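Here it is: the structure, laid out below.
Here the chain labels run A, B, C, D, E and F in written order, and each chain numbers its own residues starting at 1.
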């Protein structure tokens, strides 16, 4: 390829650069979301394990919920309720992260397509 | 100092100086990532405190609790006030506030730290970018040098 | 051409570094578990010496459960045994990782300066507040 | 020749000492910066309080109730003090930078002299 | 951890090998295991690393003890206070650290019992008297351990210095030997 | 070859100096604590309004009658006094010893030949 025979198309160049930086930030965001989803998954799993443990306790066992450094006496039922709430919240968070991920991926693809179209239209123009 | 370096054309620097520059950048990167980690840690603590305050609610008044006397000793007791908490605002000052005010306090703190992190993040990224560029230039220089030496050796 | 050859050399080093990283991870995990086992040992010894029906709490994932010594002790003992088993498999993995690394090193003719003894297995410096028990001189 | 070397050595030591002192002052300034920041945040919190809020100050191991205006005044006094100290450190940092610069120059001069002498000696032999 | 192997063991600093001081480098280098200065220096360097590693471990231990001791002391203070209030009918009013920077109010009714964290996620109930004696015992043990650790640390520092001197001596011996052989050649 | 003696000597001096610095630091800290305790006692005597006061125990505060608190603080104060006295008692011989050591080194220094090149190198390699 001989250098300098074609004038660099500034518009194309700019579009390329934009796409590149977009790709970097998007992949970063997706990575971050994946990591968050993983931790959330672990929290859910953990909560379910604790739930099993608590169910297997003999009736009338006194259980305390950790709040900061203190422990509050809480009925097994309440503890289960709180665990379920936690699981639910985590699952919702995961869901929103997933939808966000899908959106990001779609968005990126669209940008790629736009660039492709731009190239095609430039070629046709020439 | 950092501002000056950005104006120098890095590709013009000799190899030893480039090496020094990467080392300096490494140090700076470590410094900033350390601050980031500390900020994250502090933020986590504030979030936790904020969440704890949710449990200081009327339905927990007089409830049996285990009171942390030290980090390794607890005694049975009861929560005796769910309206107010004492907040350590730093430098030896403590303020009694309503639970809702306490929550606001920690929310503010979290926001403050987030802002600090947002300030550091781009600087950190810029340092990473600069380091990468410097390393690349350094490597190409070393390669060119070794090629030159090979050439000289072949001639001799 | 030259660039290609260089890149693969970099890849070799990167692969080696990754193996070492895995090895180190195994080593840290092992030493963590061993510390945990020691702690369990200490607690088990303490509980063995007190009355069976003494009130005793056990923390399960953020939930504190009020039981008695006779309920908690067997759980602790089985816990310790499980940890022992994990330590065993981890040690095996650590060893096989070591041979893997040596093989890799021979295969690619890598020479490492004598810095490995320094790096491997530095326990994390985190100071756990832990319990009230003070370990006997070990 | 030996004389220059001795001077170079002396200057080098001086330079190293300067660097050490410089670093010390810089880290002190950093500490002061932190303290200023913390006190400013406390001041902000105190300013936010409604009248009649209970403010305590820890003195020794005792919590002592303090009126809000008094607390504000105390913290302001500390802020003023730290700001003064910061200014002092700032000038001393600038001073150190200047001293280091002159030291570096004289070091370079001696080094050059030695190099020249060495070249001459090499040419002679 | 640190292997002692054939090292002479000192009972006072169990597990920490003594660094033998090289009095006479010439005769030291004559020993069968010391084939060359390089080999010896490498071995000494390895030993040096071992000492550094032990020092690091001891420092970690020291940090742990140093954070444990004040905690035990405060626990003792409070337990003694509770003991003095055993016969009173009024609850003790407290503000306890609920979470970072937050204190909540709690009432502690007169009590005979306190709970102590043993570790391994287990907390055990003690009578106040038992807790006091356990804490006293542990405080004593922790303080003794701390002095032992300090002792060991300064012992290690001594050994490290000896080792460093040995390294310097062997190094110098080698430099002189090389200069001598070179002088003989030219 | 005086290298190793010198090294030992330097190590000894350094260790002692570190010890002295940490002692002095401790004295300063203790004195600060003592002053704070005195200030607290003064404030407690001045304030006539409340009967009880919050006293810090590590991570918690316990509400105590003022008179009890004052007694406690006075005990603390006296304890700190003796502690400071103890440290300063131990500090004096250490300072003297350090002075001796440094002085000895000076005297010895006159008798020393200049270090040879490789001796300097060896020392540098160690430092």
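Assume contacts are C-beta pairs under 8 Å (C-beta built on N, C-alpha and C of every residue); 3 or more make two chains touch, one makes a residue touch a chain.
Model, not experiment: these values are computed from the prediction.
S.K.: Please find the path from subunit D to subunit E through touching chains that uses the fewest steps, and give that number.
M.R.: Graph distance in the chain contact network comes out at 2.
S.K.: Starting at subunit A, what is the smallest number of hops through touching chains needed to reach subunit D?
M.R.: 2
S.K.: Compute per-chain Cα centres, compare each with the mean of all protein Cα atoms, and return the closest chain.
M.R.: B
S.K.: Based on mean C-alpha positions, I'd like to know which chain lies farthest from subunit A.
M.R.: F
S.K.: Averaged over CA atoms, how far is the centre of subunit D from the centre of subunit F? Could you give it in whole Å?
M.R.: Each chain reduced to its C-alpha mean, subunit D and subunit F end up 24 Å apart.
S.K.: Centroid of subunit B to centroid of subunit E, CA atoms only: how many Å?
M.R.: Taking the mean C-alpha position of each chain, the two centres sit 30 Å apart.
S.K.: Could you tell me the distance, in whole angstrom, between the mean C-alpha positions of subunit E and subunit F?
M.R.: Distance between chain centres: 21 Å.
S.K.: Please output the residue numbers of subunit D that touch at least 2 other chains, ranges allowed.
M.R.: 56, 58-59, 63 - these are the residues of subunit D that touch more than one other chain.
S.K.: Can you list every residue of subunit B that touches 2 or more other chains, as numbers and ranges?
M.R.: Where subunit B meets two or more other chains at a single residue, that happens at 48-49, 52, 65-74, 79, 86, 89, 94.
S.K.: Residues touching two or more other chains, restricted to subunit F: which are they?
M.R.: Only 54, 57-61 qualify.
S.K.: Name the touching chain pairs, would you?
M.R.: A-B, A-C, A-E, B-C, B-D, B-E, B-F, C-E, D-F, E-F
S.K.: For the complex, give me every residue of subunit E touching subunit F.
M.R.: That would be residues 70-71, 74-75, 77-78, 81, 92-97, 103, 154, 157, 161, 164-165, 167-169, 171-172, 175-176 of subunit E.
S.K.: Per the contact definition, I'd like the list of subunit A residues that touch subunit C in the complex.
M.R.: Contacts found on subunit A: 46-47, 49-50, 53-54, 57, 61-66, 71, 79.
S.K.: For the complex, which residues does subunit B have touching subunit E?
M.R.: Contact set of subunit B toward subunit E: 45-46, 48-49, 52-53, 56, 65-81, 84-89, 94, 102, 106.
S.K.: Going by the contact rule set out above, which residues of subunit E touch subunit C in the complex?
M.R.: Against subunit C, the touching part of subunit E is residues 14, 42, 45-46, 49-50, 52-53, 56-57, 60, 63-64, 67-68, 71-72, 75, 113, 115-125, 134-135, 138, 141-142, 145, 148.
S.K.: What part of subunit F is in contact with subunit D in the complex they form?
M.R.: 33, 36-37, 39-40, 43-44, 47, 50, 53-57, 61, 69, 73, 76
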